[in-house]
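First the structure, then my questions, so here it is.
In this document, chain identifiers A, B, C and D correspond to the written order of the chains, with residue numbering beginning at 1 in each.
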């Protein structure tokens, strides 16, 4: 595959760079007859924007000082559906969604025309394509996730009709770990953390780092409930393998683990295996523990799908760093401009989108596992 | 894609179950004119077998008691090339490799005909396909990796001609962590660990667990040297995303992290960014540290590609476990038979194979990044 | 693949219906560094429009009465490039091109809300998706070719740099057959016929049919010069097989034949085989005849690629026809509105586009046939 | 896609050359639970063999003089299923089928080591891969169709359970045209012609040509009954586009036309459109004529799918022909050995196989057109 397409049946192709005219996505293979609530797409895009969280979902721009973790750039990001919907239902034809770029202050980036920013994709992109697109991150910019989130909103709506829910949150950031889980907290604080007290400490730390011209990373947890057992296509399109690809394709993600994850490496089999039993009330098969994270042999088990993703600290920091220029000579660089300090709150909706896209695709493919 | 195919240009399709007649792979898209040393394929398959390590690579069956970590099943696994090679060079046509199943003692498995083994894929496979293939793991068996390793041997040979080397080893197992790195140790001990002292302790622990009817997990590290910068296809076929899919598709793998991985989540940007400089001797660009693990923006940077994978403990243990049967009723199960105790040594060559396959595929695709 | 994507390396995904907001295409896998002359894209789109031919290529709307073969609908079809180009060169990132729909007179179609038009896709689309999108042809409308032609313009530019030229023309229409070939005639008459006298007769016949509320079909010939030998990927992605898919995917095409085509069925082998010889001047291998049409074993031979495609007569005619309605009951229908009478002149640029797209894709894939 | 794979959900990958050790196919994506009558696979392979027709389907080798159209080479072609079937039902895992090459007389081909045979793929293969595999046709040999026919047998069985039948026959060969249609004749004569008298004349002509060291071509017709409406994936994976690719990928095919085909080019719209009506007995929608050949807008209409394919005359003839050698110098060649004279009877089962494979694939994909 050319790299800008994801999925086999529910297939998305995205386009757009940070400083081009527009970004967007085409969704191909969306079943016909789905109620498409276009406002839901805009709402998900709003969650993705800098300075936004739950109470902003009506589109109001919050004072970015209220989210010191994210950039002060205003990104209006209004979406428009160009095709694939008729009388509020999907037609089965490709759905194209466009978002025009409006806030592009070139002077934010002009001084890095010939230098490679450490931690960014500048250097390998230059080696690959022979082009230094110095306007922000170009295609490697986080704005590229706009297309993913727009498509993910449709995927989430489809999953909703199937009783499947995808939810992610920040479980650790800037060295602070969440101790409790309260779902209502997630959209209630600027870190999208599941623990309000931890969120406050995270923001304190973020403000310190920002003042120091530095940045922070974190860990995002994701949980999918309501999955039927059997989704996934062995051996290479296993559910966990495809989600790993989907999540690692998001910028700044450096690792993923399912269920007990790296801790499973230290367990004995008798501790790690999840026993099964028959639920006396419903008669259904259930797992007594979930070290597997909801996946066995690459197929969903019916238990919650659970995974965690590692987010590296933002690479654009104003501290001076050693680097080379496009001629290969030593130099230093300070990356100024309006940058995020910690990406976790903005990546939470992106992880939800990619997870939903993967599951809808495997759900559709699974409809041909048998002819019944 | 149907799930048994991996890769876009260098594309493999595998087949075979643990108790079917044969297993194998078709490799499509292998460039013509490659010297194919068929003995190298057999050597890689031998590394994958139970009870084998470096000194066994001439095909001699070692006394399995010398590798208590792996099963006592004899698996001869002799490969035969059926097509795609002429006068010792690849022709550009599909290369088909077959391995006949020879050691299939059904009585090893007969008692689990109607019960689902905890930690295995039995239950979700049954839900997906409506079939309980009780002969071993069927398609979810580790023997399915035979096709991957055979194809990976060809991929590694191609990478060798390009100056690219893939190497993996056990860095942790049964709770014991390697403290030193000595490449010569890897094929010199039964755990394929990089530290001989740690290897001895690992085997002691493995023998204890085996006697207790239990099993162990571990962590495998992998390093690729000699990569040119720029391999990877943003945004969805990024190098790390594709390797994550490749590695998570291997049975028993529950997590992957690149470079600093989950530790990066706890670093500040100033610590995590890798500075660059001009190597005064060669004039080439190099990285002063490698927290990125050799990947930025999803493209190789030219630094070593470095990742770690989490291996869960073997699910087949003889201890009694709670489970349900195919009618959904409670029961217990003891899984007897000749099973591995710790999978790390046998997964090392599989991880090398999948990594080599991913890189060759992205290398070929990268030849069309520009027309020069 | 989901059906709206074409190509493996040079991959296009199109979207848009006749009466939606916009149509367009994303091109993924275009090599970086290609000079992109955006005016060339607009010029190709102009060729595709109704009432346009060579002398209109500056965009001026000609009086549609001068092309009685095509519809009187005004289709401005101005394209805009949204991404993938920087400082007039392709960046290697996806190129998105959009064309807004401007001329949509719903009343043209309102009377067919519940009836299936004979010869159109209405009935099978309704059976497949459960939706009657009565606004024109919806996704089955000829306007869907806008995305193909825009992408094809880029493909043709790339081929131009490689010395490969794609050219198509009408060789037969409305029962009149071209007797001579004059390249300059093609863009000089409203039928895009290669023979000026024949073109005049074709138009006479078309005017008669139009007055009778009827329509005509024809045959389009295509020739590609400058192909290197060896393009094509046996066995399923052969050059002729991929072009056959590409061309048959164009609405109204009912057949394709390469070289001697259906006439080859009646030849003896000694007549049909093309002898080869060494060109005494250049030293290159050449074919003395070209019954093969430039393809042998599915690979280009270096001789001109030659094929012909059959175009059925336009299905929208104002004569009364028997049909059924969406409840399955008998009824009759007259399709009024501003419709083409013969599609050949408008399909010529679409066939050129699809052929160029197929060849560029196979050209890129061929760069990995060997590692030299 | 690498070129040796066909299909998206029901996906086949073939391998094997004329003079390699074995040929075969992997079928991925076959639904689980299908009754697999292995004898049916062997029967289809027997139909494909030289010198065989219906009365040979029990495997008896007929005296090749009884089929002068085909080669005297003995090709036993016994198939073996290696995986994917358990207790006579498909498991949903990949089905691998192997056929060992047994009859390989190298001396048949030895004299063409350095010369390119006119009409064959030798020259372009050499240009593409840099290899002259002079052992027969190598991968371009007709034996490559063994994998297709084996997989097609499974596809046809699945279609049978859905009430869909695929049938092809020779409608013209060696200049003789069938005048009547009698289904029982097809497997009753050596040409697989639908008209017994015509078959006799065809064979007379074939014998003459053979004596003259020459060969003949023909036309094969194919009809699919029982298709539901709506199969096909616009716009690029239309039913006719995918069948065109499938059929043109068969060696020696030079053209394809659906329904009225090239004749449609000469019709008026009022003649070509197929009117619809409500069948008074069944209440179902039916077409009064079938110029569309069962496809509109790229989707099946429910009417019979009807197409014809042009088969060029066999390229291997013993008459002397002008050609060049691998150094590019002029020379002549006589291709001796045991060759077919007319390929039509052997291609009939291959066309049936490819058509069945395409339809099963589109049938499975169509199960996700809506969520109902």
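To be clear about the criterion, a residue touches a chain if its C-beta (ideal position, glycine included) is under 8 Å from a C-beta of that chain, and two chains touch if they have at least 3 such contacts.
All of these numbers come straight from a predicted model, not from anything done at the bench.
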Starting at chain C, fewest touch steps before arriving at chain D: 1
Touching both chain B and chain C (chains): A, D
Pair sharing more residue contacts (C-beta pairs) when A-D is set against B-D: B-D
Farthest-lying chain, centroid of Cα atoms versus that of chain A: D
Centroid distance [mean C-alpha coordinates] between chain B and chain A, Å: 27
Whole-Å separation of chain centres (CA-atom averages), chain B against chain D: 39
Mean-CA-position distance for chain D and chain A (Å): 47
Two or more partner chains touched - positions in chain B: 1-5, 8-9, 14, 29, 32-33, 92-93, 128-130, 139, 234, 369-370, 372
For the chain A and chain C complex, residues of the former touching the latter: 1-5, 7-11, 13-17, 20-24, 26, 28-29, 32-33, 80-84, 86, 89, 91-96, 98, 128-131, 133, 135, 138-139
Contacting residues of chain D [partner chain C, same complex]: 1-6, 8, 14, 116, 118-121, 123-125, 127-130, 137, 139-140, 144, 172-173, 175, 209, 214-219, 228-238, 240-242, 244-249, 251, 254-262, 264-278, 283-285, 288, 291-293, 296-302, 310-317, 319, 321-324, 328-330, 366, 369-370, 372
Residues of chain A that touch chain D when the two form their complex: 8-9, 29, 31-34, 92-93, 158, 161, 234, 364-365, 367-372
